[in-house]
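There's a structure below that I have some questions on.
Chain IDs A, B, C and D follow the sequence of writing; residue 1 opens each chain.
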Amino acid sequence: MNKIYKDATQAIEDIHDGATILLGGFGLCGIPENCITALVSKGVNNLTCISNNAGVDDFGIGLMLQKKQVKKMISSYVGENAEFERQLLSGELEVELIPQGTLATRCMAAGYGIPAIYTPAGVGTEVAHGKEVRSFDGKEYLLEMAFNADFAIVKAWKGDTMGNLIYKETARNFNPLMAMAGKITIAEVEELVEAGELDPNQIHTPGIYVNRIFEGKNYEKRIEQLTVRDS
Amino acid sequence: MNKIYKDATQAIEDIHDGATILLGGFGLCGIPENCITALVSKGVNNLTCISNNAGVDDFGIGLMLQKKQVKKMISSYVGENAEFERQLLSGELEVELIPQGTLATRCMAAGYGIPAIYTPAGVGTEVAHGKEVRSFDGKEYLLEMAFNADFAIVKAWKGDTMGNLIYKETARNFNPLMAMAGKITIAEVEELVEAGELDPNQIHTPGIYVNRIFEGKNYEKRIEQLTVRDS
Amino acid sequence: MALDKYQIAQRIARELKDGYYVNLGIGIPTLVANYVPQGIDVILQSENGLLGMGPFPIKGEEDADLINAGKQTITTLPGSSFFDSAMSFGMIRAGKVDLTVLGAMEVSENGDIANWKIPGKMVKGMGGAMDLVASAKNIVVAMMHTNPKGESKLLPNCTLPLTGVRCVKKIVSDLAVIEVTLDGFKLLERAPGVSVEEIISKTAGKLIVEGEIEEMKF
Amino acid sequence: MALDKYQIAQRIARELKDGYYVNLGIGIPTLVANYVPQGIDVILQSENGLLGMGPFPIKGEEDADLINAGKQTITTLPGSSFFDSAMSFGMIRAGKVDLTVLGAMEVSENGDIANWKIPGKMVKGMGGAMDLVASAKNIVVAMMHTNPKGESKLLPNCTLPLTGVRCVKKIVSDLAVIEVTLDGFKLLERAPGVSVEEIISKTAGKLIVEGEIEEMKF
């Protein structure tokens, strides 16, 4: 059994034009920087990207948007990205906006073999258009489908050779959920260790969900909103 | 804010006759020993207990069965308990058997504000009687409802004064799921520490789900099937 | 005098109770954290996966892996916990968050809220707002009573795409504290020096005024 | 000679492939772990919340918090992970477990399985069996071909309450290896010294026999 890949280029080699890809991260926090760079270099096109945000103009998924590699973006929040807005308004980019909790739970559902979930988010709004509304205990819910994605690309703090992953702080966000949801899951980690070096009680994503793993390089970890206090 | 209770007796004081209680543990592993003892002492009756197993004759939920405190047992596996079998066959005890994954996921659904889930477990069997069957992508699923329980009683390895919990090894099992699912959640822990002593990256149950916490005493941690090798 | 944004936050902070788990939206709601009454512990939830949000980091100690839902660098407090986004919205949907404070572009007299989209002008997305308003038991809106043109933002019906329906419980605006009742907006308090008449004139939706309306004190 | 339970386990172990995640039921299936072919890594899943189950502990080193789904004390291996029961059945339902081996009281020619209840006699519950059979892509049943009275347990239709429908892919009994096809049972291999005629006579369900049936070698 070998899940270890040399680098991002090798790990994403078979991602094809038209693929549907889940990408972990919240804003620029916990995004798979190495894989995004490799996807840009590879020049794969017509992608459907599912990610909470769309990056900023010159970082994260924004890099793929600049190269017009993305056909459709499925996100919950897409502000702070001028090129994104331009493509959206010009009709070059298809966009589906869905509530953040729905996005997260549709990933989890896929990873848990649950075909669809009921959520109250979006009832009575345009998000509900065309969806089944059902009442349980007097409250209304929408039926939302589990994602069905070709690839999931996630970023973890530490990983081991069996594919077990541990995330750091709020860089966890969507990563463990998307890791469970891809038909093929690719994990890039800041530190790749031997099996047995991670405490089995503290694994966030068990290796069964991870098909490929590699140690990433040169993480920039850009901060989107630097807020500090003096003392 | 104070979630800290002195002991099991104080923590379960308001559990009333007829209450529905979720109890963590798998077999005798990770069961809330202190609270079970306190429930037996208190002599509360007509309980509906939801727990993966029903203990053994003289340990775990078996102790409550001996005192005939349980009106209805909802479990996935109830073997290895003679008194249980007697009460079941004599009609003294109502029993609802449900698939283990369904039990786990119905707890999680409650804790995640999801009113119902679809699962393939039990399709075409007597478990499906009276339930909605629905097809997604050509596969059939049953609609199963989230639990609605008055109390959840769980056992953790470590906990802090904010109610954060960490479980050890396979004693985790149903505990984090049930901790999320009770209207009131009571956690007994082997070691209660100050807030800040546990690594926030390693919390299994965030304190928001825990209403009461206390440090348990005299854990027996009985082993149901001792299996060893020589070298 | 109408309240400034700090006073709005300060007034909302009086809704806090000891032990509350609270989710604060971006903008004025974030400021509420600065006015937690003495002797009260509240725990801030950030929907990107944190309970126990602390203040901004000291300069130089910022950590790119530790941000809030507004993408600002933050810190943790003793007793914090991290979790994934599914659990985060799980606890929100399950009603474990006691108070949610968020901004609004419009609120209607039956409690509908619009705050995520202006057709043809602004499409940033709803983020977690739709989950929050659909789930929270207790939603307080922090907003200006009128838009820059002086038009009321408290309406009979929202004109913008909705974020959620019949969910807002209370509004703290620059002019008033208003409860959303089954019968419409109900005036509870007025800003210092702001007359009931002014509030009536700037509230387009049905406004119930009963008895003496007290002035807020700061 | 019919196979003994160790040989059944040994034959099933030949179904394992490198990198497989495997769930082994209680009884004969558990023994499969002892016959993993050399040069192959398989990872055992225990549905009570463990990936990477190791052998029984050395005497005196048993840990009450570390058991398998059969409630036996066990150990971990390098690369193990613990998780809760929802995630455990989540990975099962999502089809991440490559092979599931379990026992059966009856299997029908269309792949139905009964193994959890004998009305009026035995009510232990289904445990995780219903989830496993409803979800796994690849289910191998380890069973005796006949019951103690000599009656076939491979039937046209199950007579006992079902655990799952149309799910069993392969059966390894004491007499034969049988594939469950759309047309019924198909004989693949026979136990050493067991004749095709004996297998036919002890299989109540429709049995397809095509060409030469090879004898298993041990």
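A few points about this structure:
We take it that contacts are C-beta pairs under 8 Å (C-beta built on N, C-alpha and C of every residue); 3 or more make two chains touch, one makes a residue touch a chain.
The structure presented is a predicted model; accordingly, all values stated were derived computationally and were not measured.
The set of chains touching subunit A and also touching subunit B is given as C, D. Distance from the subunit C centre to the subunit D centre is 56 Å, each centre being the mean of its Cα atoms. Spacing of subunit A relative to subunit D, judged by their CA centroids, is 36 angstrom. Averaging Cα coordinates per chain places subunit A and subunit C 28 Å apart. Residues of subunit C in contact with two or more other chains: 76, 82-83, 86, 89-90, 92-93, 135.
Multi-chain contact residues of subunit A (touching two or more other chains): 105, 112-114, 119-120, 167-169, 172, 200-201.
Applying the touch definition to every pair of chains gives A-B, A-C, A-D, B-C, B-D. Per the touch definition, subunit C reaches subunit B in the complex via residues 18-19, 21, 41, 43, 45, 51-52, 76-83, 86-87, 89-97, 135.
On subunit A, the positions that touch subunit C within their shared complex are 26-30, 52, 75-79, 85, 88, 95, 97, 99-105, 107-108, 119-127, 157, 167-177, 204, 221-231. Of all residues in subunit B, only 105, 112-120, 136-137, 139, 141, 145, 166-169, 172, 200-202 touch subunit A in the complex they form.
For subunit A in complex with subunit D, the touching residues are 1, 110-114, 160-162, 164, 180, 194-196, 200-201, 203, 206-209. Residue ranges on subunit D touching subunit B, taken from their complex, read 46-50, 55-74, 76, 82-86, 88-90, 92-93, 112, 123-131, 134-135, 161-166.
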